[in-house]
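The first chain written gets the first letter, and so on, giving A, B, C and D; residue counts start at 1 in each chain.
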């Protein structure tokens, strides 16, 4: 079926309105950097395609084969010339304002910020502090860090392909958070990423609050999880690790809804950081929440964590089933502790400088077959290092499930091999099996073929 | 089952923040005017009860028997002391901001404005111009008339007890209107009054527009149709006629969704005005719209209008089934004609002064058994006069169905008698019968006992 | 010499943008009410003539004989059609925005508010509370009463025909008040009315404060004391008594600069109120201030007060010579006491309800020869009543000096006779003689012929 | 006489509120870079000393010997710890807001921006485009470039030690510019730099315009020309050439008031640029204006330009004596041509990219005795190159007159030698002699000893 398309030109907004000639020249030059151009184009198409469910970027490109987007010189700066764009991004021929905003967020983060970071000698990506500095600069440049906003940003994680019942639950939780004045930050996309924002938007409207809806994405995932135009601050990070670091540096607390392997990855990432000895006394509210039907899902994750990372890991989160109001009330009291802690330590509200993030969690992990096979999943490691490695294993599985590159790899070379001690691999195998059984590994409508093979679980 | 209640005090917002001593004294005196106090209290309870479905005010008072609300003297002005209020209006003990705003809208319109109008010698309710002036003053005092807002207010009418499918349709239409920058004005309550606002709110958010959601109510209906807190400009008119006049004076176009007798009443009111000879060339877009399942409903109304009021009446509206985008596009082009007309006639955008409303439509109609029986429903009258009388007949039926006073009357004296020529009464009987059959006469879950008996239809 | 004139039309701003048809009709009818029309026209001309020194309104009308101004019907409301206006009110043919704002303040206060007050049955000018209510309503309608503004409005009084040195002193005091965040309220005109505003404007700019410059005038004085366009809230009161009451109800403290008989009148008015037994414990900072050269002026007033009203009267003010910073610091600490007092008594910040103003001070005093002769200026009266009568005597002298009507009366019937006990009349005679000697009775460039004759001073 | 001093700490505003840890560390390290620290401290003291006339920085440091200022670590960022600051910068112990703003502008431009420019590999100061890019970045970082502001920024140049009559003239011109909605940009300091801003502030207030008052300074001149706190956008450029480029890139037109050698330098700089062949058709209104008493001053400059640079140079400016309104009207019509030109060439309004500035004008000129002696002042050069060299000669004379370094040089090594063709040197000698005679070479109260000796004029 041919899809309706539109050709147009759009003018920049915000930070990109006032550019120097040199900056304009560099942006116009974008077409000559093949890799950068492709990243920019793919992210732009994902943004324009919002609202249309899609599981991978390949499919998206097949659907809009003529799609193209490039900066062109215009009066006093640049414009984006767009061809073959999904008609759904337009109303009576005019691009929806929120989508236009997102397009320029993509340009800002993928092209402009990238260029600034590369050319500025002060950024040292080889150190932990240097990487954190990059995350900080991307966030500040996007206008996300606001000194006066206080402690009220709730990050929501969870799957994008969840059941209707689970989706309604995320909306109800979002509504209760919004009624209490909390802003929402998610990873964009549908499901548990969209529900809390929609719910919070209603809560904010009733409280006459101008809410903030932050969406953090990265080039590899944005096609599968395109940002809803309600997101009024979209930031695209260069890789998944910086995106994850951004969540925990600007979020004051986290609610985790049901999902699949990606959600498990996020939980492991979070625990890995919170289990770092230097973070032992740092308050950070984490609440796992779902409707009655998701109780089993969380019990299994809880069991897996208990078996692999132990009791201290379990003490860093609470599980609240089918009670959105209680989720919101516990989050509020958790945030109060965060506020007190930051004040006593004289730390900023807008960026969690005191949180120690091991370099292990910051370095990009490329889920090749080799890297997956080389993961150290033996028992006896320090908890936070084991968590880091477990999270990488799940990261690879997510890539094999939904990311364009990962899917291609699996198609070419077969499933990843994951090896480790039985004490680790057995619970992992059981958890993944439960995900498959609960149809949590991909869009519910398709048959799932595992992209991994576990060794050592026997 | 006992309902959760809360006692509290709330401070005024907006216009009531700066009051003179004399004004404070008059507000504090409210408790001594039994009728005024009851109206105020009932409206306040309706506002506090929003979100909880209820069909009549009597039931509401039974549910919150200890409810009381009165202005009390406080530092620099007044406060409202509230006891026995529905807990659902509060979040963690604090009243939801939107509901608090509505409470003070009630105080402003029911008590303060009433007092101003009574004591100001310039208002002459015995003339058409005087009544229009009162409507204007109420609207201006509520901050609704804004010279710079342009032509973009779409009024949405329809039933509050509609099917899920119809409700979803109203949301989709509201979304398309909101995407195109239109503000929404409804009569408050659930169903077709709430759907367009919720849809428009999403459209506005995507377009980064700060939308206006106007709710027009009146004491007799507010308990059954309590305002959703999304409404950010609530106005309570003294009676149904001023409320209807407000809709057509500030609305630039009207979308009518499926409903029951109330919706028919509104259509007849509108046609009665538009058929007035002096309004013959005045553009006023009217669109009847519903999902596929509502097609029959609108066809029957269309037939009834053709049979009783004729072809000219039918030419004043269009019917669009199952196509929200087309509704929005036709509304936009209709509003463009309204804008051109107002500019060419040098009329205000914010108030439709050029619209002639016959005094017949402005005088309150009290649906007693006597008044209902005395309605002139003979053929051969001027179209707009016949429309006025037909609308009164439906107004009485609505009162008998859902208004506290009307229900009481029917309980005491049996159904209303409605008489007229067969050429009028037969189509009317048929239309009402179709409403009953389609379960459009009351909340769908209850058995309907007609509150009327038609004579002359044979 | 012929004066440059301009004909134009201007559109309304603010409150008069949204008018009802009835209101428009009443404004258009203005031309038929000779007295009201003349008041409106004279005030409008005074506003348009700002910046050009003039001592009386008669002269002004002679200079612009073709001047005319009337509301005319226009698209969606009214316009003001103006002919023969002073060209100095325009820049390249366009009226200066501040002057345009003032014109509509005149229309609002002289025509619209007047009409509202006359037609609204709730205003009872026969009682003290009724008159205060009218003052309150005029101020609120002008947007002057703002609940959130705190305690920071300094009223500045003093002469409009003062020496350069005195004028520079008023600027320096205004500058110090502005640096400390105080807003300024004066009676419009030049000299001590303009200096503090100009000084405060610089202070506000340096502190990045958006200052408020309130100008309170009345039809009889506005020609002689036309408002500087810096005034960003101009209010025209119906008579001098309501204007004076407005000063003491909204001002939190008062600085009095050198002047002539008018300044003495204001001091007596103020003392009369503050000496009222019910105001004995009410804090109200009053500071008399001038440069070194004005020391003698204040010493003589101080002596006169001591001789006529006694020590308690003298305790209600302090005199600070040649020290603007000290004036500002004492005002700030005085305002702090006002703030504490209002909070402890739960009185509004924006209107001094607790201040008792005797009806004597509120009733307009018409300085006819008869009324002047009938003034009770005997010793032995309660202090505040004597102060009231003394202030009337000075009020008459001011009228005879500068007001169009008063000057005409004196021309026709010779000087006023003022009679009283020697203990009162002797100091009064001495004080007035010192004013004449110091050239404080009229514009310094003209010879002064007394408009009064004192009897009983012997 | 000991001067009152104050010790305090102040918090950052604006851009410096949200800093990364690395940025805070670099700012805290400021004390270890002796040169940078001294520049920062000297600029900060100049800013704090505003309002107190002073001709050189040396004197200033002598007056406040204990003055010190350094960033210190504080909750969530930095603070400035200040000791020995002039008490005149404070009101009741609190720093004046405008001065505090300026302090952080100094920190931003001297320390932060300097660091950014040094560490960012993209800035190439060896090319003309690279230097322009640096000027652009400094301006954008200071929030000066606003795409929506239109064509309305008038730059005002002239001396800071001018007569009362000349000063009043600059105020009157500023007033007329302000009445017409123009914003003002000057080089800070008193005299012709302050007058236009004060005048414009009154004009803006009357027109209800929120005016912008841009002050462009540089470390070498800020002590002698400290910014008035009315300046609401202070930018400190690294050197005089970038400052001059900023004036002509963001200013839409220029008014030049009387001054001395510095003013002549500015006129020559401007002509040098406008005479560049590529700028031949570029509209750029330049008006030389003064009171009657300054007519001779401008006639002599005009003659000098005619004799050295020729008729084409003279055609690029007009001279308007004693007519502030005409200055404003001609500026307005000149700006209209600028607007049309930019639109037709699709150039930005906020930055004059199309203006060609020869690299000669951008490279810093250090007025050593050697450099002054080596200046090529022969006839027969292209006009714009000759203008560049003449401007350097005057630049050196200004340095020798008022800049700390220059004065020291002259004290050590005697006056500069300036050599050239008689056709150039004779008019130059005559012009400088007229400046000395008119007491325009230094503060009028002191005796002037020339800092130069002209050779070749014979």
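Heads up, the rule we're going with is that a contact is a pair of C-beta atoms (placed from the backbone, for glycine too) under 8 Å apart; a residue touches a chain by one contact, two chains touch by 3 or more.
Predicted model only: the values in this text are computed from it and were never measured.
> Which chains make contact with subunit C and with subunit D at once?
none
> When every step has to jump to a touching chain, what is the lowest number of steps that links subunit A to subunit C?
Shortest path length, in steps: 2.
> Could you report, rounded to a multiple of 5°, the rotation needed to superpose subunit B's C-alpha atoms on subunit C?
A turn of 180 degrees brings the C-alpha atoms of subunit B onto subunit C.
> Relative to subunit C, which chain's C-alpha centre is the most remote?
Farthest from subunit C by mean C-alpha position: A.
> Please tell me the distance, in whole Å, between the geometric centres of subunit A and subunit D computed from their C-alpha atoms.
49
> Report the inter-centroid distance (CA atoms only) between subunit B and subunit D in whole Å.
65
> For subunit A versus subunit B, what separation do you get between their C-alpha means, in angstrom?
Distance between chain centres, rounded to whole Å: 45 Å.
> Can you list the residues of subunit A that touch 2 or more other chains?
none
> Please classify the inter-chain touch graph. Allowed labels: line, ring, star, complete, other.
The chain contacts form a single closed ring, each chain touching exactly two others.
> According to the definition already given, which pairs of chains are in contact?
In this structure, the chains touch in these pairs: A-B, A-D, B-C, C-D.
> Could you pull out which subunit A residues touch subunit D in their complex?
17-18, 20-22, 74-77, 116, 119-122, 129, 132-133, 136-137, 140, 145-147, 346-350, 353
> Note which residues of subunit A are touching subunit B in the complex, please.
Against subunit B, subunit A makes touches at 91-92, 96-99, 101, 179-180, 198, 201-202, 205-209, 229-230, 232, 329, 332.
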